[in-house]
Amino acid sequence: MSGTKKIAVLTGGGDCPGLNAVIRAVTKSAINVYGMEVIGFLDGFKGMVEKDYIPLTLETVSGIAHTGGTILGSSNRDNPFRYLTVEDEQEVFTDQSDRAIENMRELGIQGLIVIGGDGSLHIAQEFYEKGIKVVGVPKTIDNDLSATDVTFGFHTAVDTATEALDRLHTTAESHHRIMILEVMGRYAGWIALHAGMAGGADVILIPEIPYQVDRVVEQVKHRYEKGKKFSIIVVAEGAREVDGEMVVKQMVPQSHDPIRLGGAGEKLAQQLEKSAGMETRVTVLGHLQRGGAPIPYDRILSTRYGVAAVEAFARGAYGTMVSLRGSDIVAVPIIDAIEKLKNVDPDSDIVRAAKAVGMSFGD
Amino acid sequence: MSGTKKIAVLTGGGDCPGLNAVIRAVTKSAINVYGMEVIGFLDGFKGMVEKDYIPLTLETVSGIAHTGGTILGSSNRDNPFRYLTVEDEQEVFTDQSDRAIENMRELGIQGLIVIGGDGSLHIAQEFYEKGIKVVGVPKTIDNDLSATDVTFGFHTAVDTATEALDRLHTTAESHHRIMILEVMGRYAGWIALHAGMAGGADVILIPEIPYQVDRVVEQVKHRYEKGKKFSIIVVAEGAREVDGEMVVKQMVPQSHDPIRLGGAGEKLAQQLEKSAGMETRVTVLGHLQRGGAPIPYDRILSTRYGVAAVEAFARGAYGTMVSLRGSDIVAVPIIDAIEKLKNVDPDSDIVRAAKAVGMSFGD
Amino acid sequence: MSGTKKIAVLTGGGDCPGLNAVIRAVTKSAINVYGMEVIGFLDGFKGMVEKDYIPLTLETVSGIAHTGGTILGSSNRDNPFRYLTVEDEQEVFTDQSDRAIENMRELGIQGLIVIGGDGSLHIAQEFYEKGIKVVGVPKTIDNDLSATDVTFGFHTAVDTATEALDRLHTTAESHHRIMILEVMGRYAGWIALHAGMAGGADVILIPEIPYQVDRVVEQVKHRYEKGKKFSIIVVAEGAREVDGEMVVKQMVPQSHDPIRLGGAGEKLAQQLEKSAGMETRVTVLGHLQRGGAPIPYDRILSTRYGVAAVEAFARGAYGTMVSLRGSDIVAVPIIDAIEKLKNVDPDSDIVRAAKAVGMSFGD
Amino acid sequence: MSGTKKIAVLTGGGDCPGLNAVIRAVTKSAINVYGMEVIGFLDGFKGMVEKDYIPLTLETVSGIAHTGGTILGSSNRDNPFRYLTVEDEQEVFTDQSDRAIENMRELGIQGLIVIGGDGSLHIAQEFYEKGIKVVGVPKTIDNDLSATDVTFGFHTAVDTATEALDRLHTTAESHHRIMILEVMGRYAGWIALHAGMAGGADVILIPEIPYQVDRVVEQVKHRYEKGKKFSIIVVAEGAREVDGEMVVKQMVPQSHDPIRLGGAGEKLAQQLEKSAGMETRVTVLGHLQRGGAPIPYDRILSTRYGVAAVEAFARGAYGTMVSLRGSDIVAVPIIDAIEKLKNVDPDSDIVRAAKAVGMSFGD
C-alpha cells in the first residue's frame, strides 16, 4: 500500500443520467493523475456496509460516459446509520456505520467519493463527522441542491420532459384538449419551470408558487377565446393550491417513500374538467425522466465533477462537495448544500421571463 | 367550376404522426398534377356535418410534412350516421349523413379522401355505399388494419416506445427492479412486439398470446439467477392472462370509449410484486405515443399514401383504400381492410425471432 | 464435438448500423434454439484467412443490439480469393481461399454466416461454390441489393440524412441560399430519394435519372419568384448530367476504391453559382451516414435477419441469403441478389409521389 | 403614437439555433408587459438601410420558439457603416448609417434590439455611439463572446458535434481507423472542447493550445499498443501547430470571408497518414452545426435573453448587452463584450478535466 492511495466511490439514491460519467472521471483521474487505486461499492451505501465492491480500472470504466444508469448499482433505501436488518423475523433499524468504517479500514481505503442527492450527502456528512475523508458530488434530477448552480442529470430530465410536451402539443391541438404533464419536483419546481419554458407550456404549476384553479381556468378560457382551443399544462408533482398543504421535505430521508406519485396532475384534471368543461388528459412522466443517456451538457458536467472530486480529495478538502459556480467548478462544504433546499425564486428573471411570454403560474 | 374537380379531405380518429404529411400530399398532388381544388373539413366528420371547412392551397400545406398533429383537427366521437345532438336538453343520436352529403353537393365537392383508422373507414364505407366517391388512407398507430402491410404513424409510435424502454432499462439495472411499460394495442400487439424487440425487452405481452403469470415470473427469476437482477417488460394494454377475458373489438365504434387505459400494466405489477418478490414499477406511455413529429419512414409513407389516394380518385377507384404491399402502393377495397383486424400471428417469423433471442411471451 | 454444430459469422465491407444486432441474433438463436457453438471471425474475411477469431457466447453479445459498429471488426479490402500479401517487399495478390477453408476445417466449423454487401456476398458465393455451407445476410447502407425489399442500415442512414436536411433547411431559409447535401449512393439513389422526400428537398438528383443543370436552375428560380428565396438540393454521389459519364459498378470489388467522394455536390454548386447567381453551399455527409446506433426499424430487421440466417443454415438452405419480402423474411439464392443492382425505377410510385408534391429530379 | 413605444429587432450574422425564440420573447414581452409595438427589420442590418421590415405581433411569433433559423432573415455581409452598393457598375462601400437612422425616425422607432455576434454588436455599438437606443443579445455558435458565460446556440452546436462524434466512433472502431471531425471555432475552441469531452474524443485540437503532430501521433500509437486500434480526433477549424500561423481575428468584420473552411482537418489527416501510418478519414461538419431546432437549454436561454433585452430597454440601459452570469441574466456594456474574444483558458478546470480522463491536446 505504502505510498499509493486507495479511494472508494459509490452512487446513492435514484437513477440519474451522468452517474457513469462521474464514476469514469473519478476512476480515470485518480489513476492517471495521482496513481491511486479505486474501488466501487455496490448498490450505494449498502455495499459499504456489506463490503460488497468491485475494483475500478481504466478498462472497467472505458466507454461508459455516454450511458445511463450506474455500473455500481444504487439504492435509495439503505442508510448505514439506520440500516434495515431482520432479527427474529422482525424488521429493525440499527446503526451499522461503524461496520462500514471498519470495512473501509480493512480494505485500506483512505477516501470516499459519494455521488448522491441530499439524502446520500446527509449520510456522507455524518461519515465525515465521524472522521472519514469524504468528498461529495451533487446529483439530483430535481436540481434542488443548494450551493451549486446545477446538478448533473437535471438538463437531461428537462430534455425528456420538453420532448414529452412537444408530443402532447400536437395531440392537444388536433383534439382541442387540455393536456397535463406531471413531472418530478416534490419540493422544487425546476424541471416543470424549465421544461415548461422550453416546451411552450401555457400553464406551469410548481410548489413554490401555489396556484388557484380559477386562474388556471381563466388562462385556458382566455386562450380559447383567442382561437387557441387547447392548452398545455406542466405540473410538478409537489404543486399545490393556495390553500393546499405543502409537501414538507424530510431532510433526513426515511427508508420508505411516503408520497405516492401521480396525484397532482390527476387532481388538477378533475378540477379542470369540471370548471373549464374541456376534455382533459393527464400523462405522468415518472421514471422516464430518470433513465436514459445523459445529454452532452451532463456528460461534460459529470466529467468535470468527477475529476474535481478527486482533486478535492487530493488536496485535502474533506467534507466538501464539488459545485458549479458560473463557469467554474469549486468545492463547498457539504453542510452548506444540504441544510436547505434550493427553490425557484418567484421573483427571479426566469419566472418573470416565463410570465412575460404569456405563461401562467396560476397565481 | 366546369371542368375543375373539387375534392375534400378530412382526418378522423386519434392523433397520429404523419396526418399533416398526407394532407400536404393530397393537396399538392391534386393541385399540381390534376389542377383540382381542395378543401379540408375541420375536426373529422364533424366538419362535414357542420359544413365547417377551410380551403387547402399550396401555401396552406407548405412546411407541414414533418409536423405532428393535423392542421384540420380531428375528432374520434363524431359519426354522421349516429351523430350526437342535444334536443330538449336530451342527448340523442341521429343520422346526419344526408345532411353531410347535401353539404358536399352544395360545395361542389366530387370526391372525399378519408384519412382514418377502422372507425373512420367504416364511416367512409357507409358513405361510399350511399354513392359518395370515397378513397381511404389507412391511419392507425396500432398497425392493426388488414389489407396493408403498414399504416403510417406506427413506426413513429414504435420509436417512441423503444426510446422509453431504453430509458427504463438503465433504471431497472441500477436499482435491480422490474420495469413495466404499458403501450397501446387494445386488440393487437404490434407496438409491444416491435418496441419490445427493438428495446430489448425480456418479456413481451400481447393480446394475441395470452400469458401465464407463472411463466413471466419464471423468466424474471431465470434472469436473476444468471446475475441479471432486473427485467424489462412491455405489455400491450389489451394483454390478458390465459384464462383472462379478451377485449372484444367493437368494429362499429361507439361514441364513448368504454375501456380505461392503464390497467394491464398495473395489474401485472401487483401480480409480480407478490409472486416474484421484486420491486416493480409501471410506466403508462399513453398519449406520448400518438403525438410528435413523424420519423422519416412515416413522412415518406404518408406522402406516398396521399399522392396515391388522389391518383385512385382520379382514375375512378372509388371505395378503395391505398395500401402498402411490399415496396408498392396499391389500392384495395375499403371493405377488405375493415372486416377484420390484422393481428400478430404467434407463429410468424418475427415472434419466432423474438423468442429465439430469449424474449418470453409468457406462454 | 459430435452432435453439436459449430458455425462462424463475419462482417464484411463498410460500417452499417445493425451489424451488432445481427451478430447478437445469430449467436443467441444458434445457442438457444439449436444448441450450436458460435465463433466470430475478426475483421471480415481477413480473420478467416488469418484464423483470427473470438468465441461468441450469450455474454459476448449481451446488450449490443442497439449499438453501432461491429464487435467483430470489418474490412472492405480483404478478399481471400485475391488477398493482398507482401512478398520480397512487393505487394502481390494471391488466392488464399483454400487456406481460409482449411482454417474452418481445423476449427470444426460447419457453417458460415456472411453479413455483407454485394462485395462480401460475391465472396460468400465463391466459397459456396467451393462447397462451404454459407448463408448470407444482406447489408448495405445504399439499399441497392436485389432480391430483398430492404437491407438493414438503410433506414438509419435515411434518418441521418433527413436530419441533416432539416438542419440545412433553416440556414438556407435564413440566408436565402441554395444548400446542397451530398449523400451516399454511387450507383443507386435510394438514400437521396428517401431523405429528399422526408426532408422536403426541392431537388433530388440520383444516378438513375440523369439531370440537366438548366432544369435545376429552373426549379430554383421558379421557387424564388414565388417568394421562396432558398432551395434545398440532395444529390447522390453518383448523380450525373444527361450527357455525363455514368459510374459503372465494378461488381467484383477491387482492393482499392477508385472513386473519390465529394465530387457531385461540389460540381453542381459551381454550376449553380454560375447559372442561378445564388449563394450556394455544399455539405458532404460522408461517414456520418454509416455510423451510430441503428433506429428501431433496423434493430428489428437485423434481429429477424440474424435468426432467419441460422434457421436457413439449420434446414440446409445453403447458398441462400435472407431477404425481406413484404412482411416476411424468406431465403433467396445469393446469386439472385448479386447479379444485378437494385435501382430506383424512375416510373415507380415513389418517384411519382415526389414529383407530385413538387420536387424536381432535374429531368 | 403618443405614449406607445415602438421598437425594432433584427438578427445579424450567421444562422444560430435560438434566434426565433429570442424574436418571440422580445415581441411577446414588449407587447404583453409594456404595451409596445414591435417591428422586425429583414435580413439583418440590410433591412434597416433598405427600410425593409415586417410588423411583429403575438400571432407572427406564435409557435416559433422551437424552430431553427430566423423568421426575419439574416445577412452576414451588410454593414451600414460600410455598405456595399453598385455605382456605375462598380462595387463601392459607402456609409449608409445615417440613412438607417433616418429610416428609424420615419418609422417612429425608439429602440433597437440587435441579436448578433461580435460583428453585429460592433455595428450596434457604433449606432449607440451615434445616439440610437440599442440593446444587444449575444449570439454566436462559437461561444467566444466576452462578458457572458454562454451565448445561445452554443449548446445546440455542441449537441450536433457530439452526435457526429458518436457516429464516427463506431466506424473508427469497426475499421481500425483514425476519424477526424472538423468543427467550427476559428479563434476559440469551445465547440471542439465541449464536443470532444462529451463525445469521448481521444485528441482535441483548439486554437488556444497549439499542437505538435508528434504528440498526436504519440497518443494514437499509445492507444494502439493498448489494443485500441482506433482514435477519434476533434479539431477546431482554427487549430494550429506550435509553429503554425495563428488566425488573427478581424474584429471589424469585412464583407467577404477570407478563410476557407475545411483546411485544418484535411491537413492533419495528411500529417497523420504519413506519420502514424493509419487509415485516416476527415469529416467537416460545416453548416450542420448552425441549423436545426434549438435544444431546450437554448430555447430557455433565448427566451430569457429576449425578455431581458426589452426590460433593459424599458429601464433605459442603452448600449448594453444581456448576459448570463451564473444563474442570472444581467446587462453589461456592449463594449465590454466585443473588445476581446473569450478564449479557452488552457489552465481552466475543464481542460484539466479533459486531460485527467486521458484526452490529449497535442501539447
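Letters A, B, C and D mark the chains as written, and numbering starts fresh at 1 in each.
We take it that a residue touches a chain if its C-beta (ideal position, glycine included) is under 8 Å from a C-beta of that chain, and two chains touch if they have at least 3 such contacts.
On a predicted model such as this, the values are computed, not experimentally measured, just so you know.
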{"item": "Chain C and chain B - chains in contact with each", "value": "none"}
{"item": "Inter-chain centre distance, chain A versus chain D - centres from mean C-alpha coordinates, in Å", "value": "31"}
{"item": "Geometric centre distance via CA averages, chain D-chain B, whole Å", "value": "42"}
{"item": "Separation of mean Cα positions, chain D and chain C [Å, integer]", "value": "36"}
{"item": "Shared interface positions of chain C, touching two or more other chains", "value": "166"}
{"item": "Pairwise touch network: line, ring, star, complete, or other", "value": "ring"}
{"item": "Touch list for chain A against partner chain D, complex", "value": "24-25, 28-29, 32-33, 58, 63, 65-66, 149, 155, 158-159, 162, 166, 194-195, 197-200, 295-297, 299-300, 303-304, 306-308, 310, 325-329, 348-350, 352-354, 356-358"}
{"item": "Partner chain B, residues of chain A touching it in the complex", "value": "11, 14-15, 17, 19, 43, 67-70, 73-76, 160, 163-164, 166-171, 173-176, 179, 281, 283-284, 286-288, 290-293"}
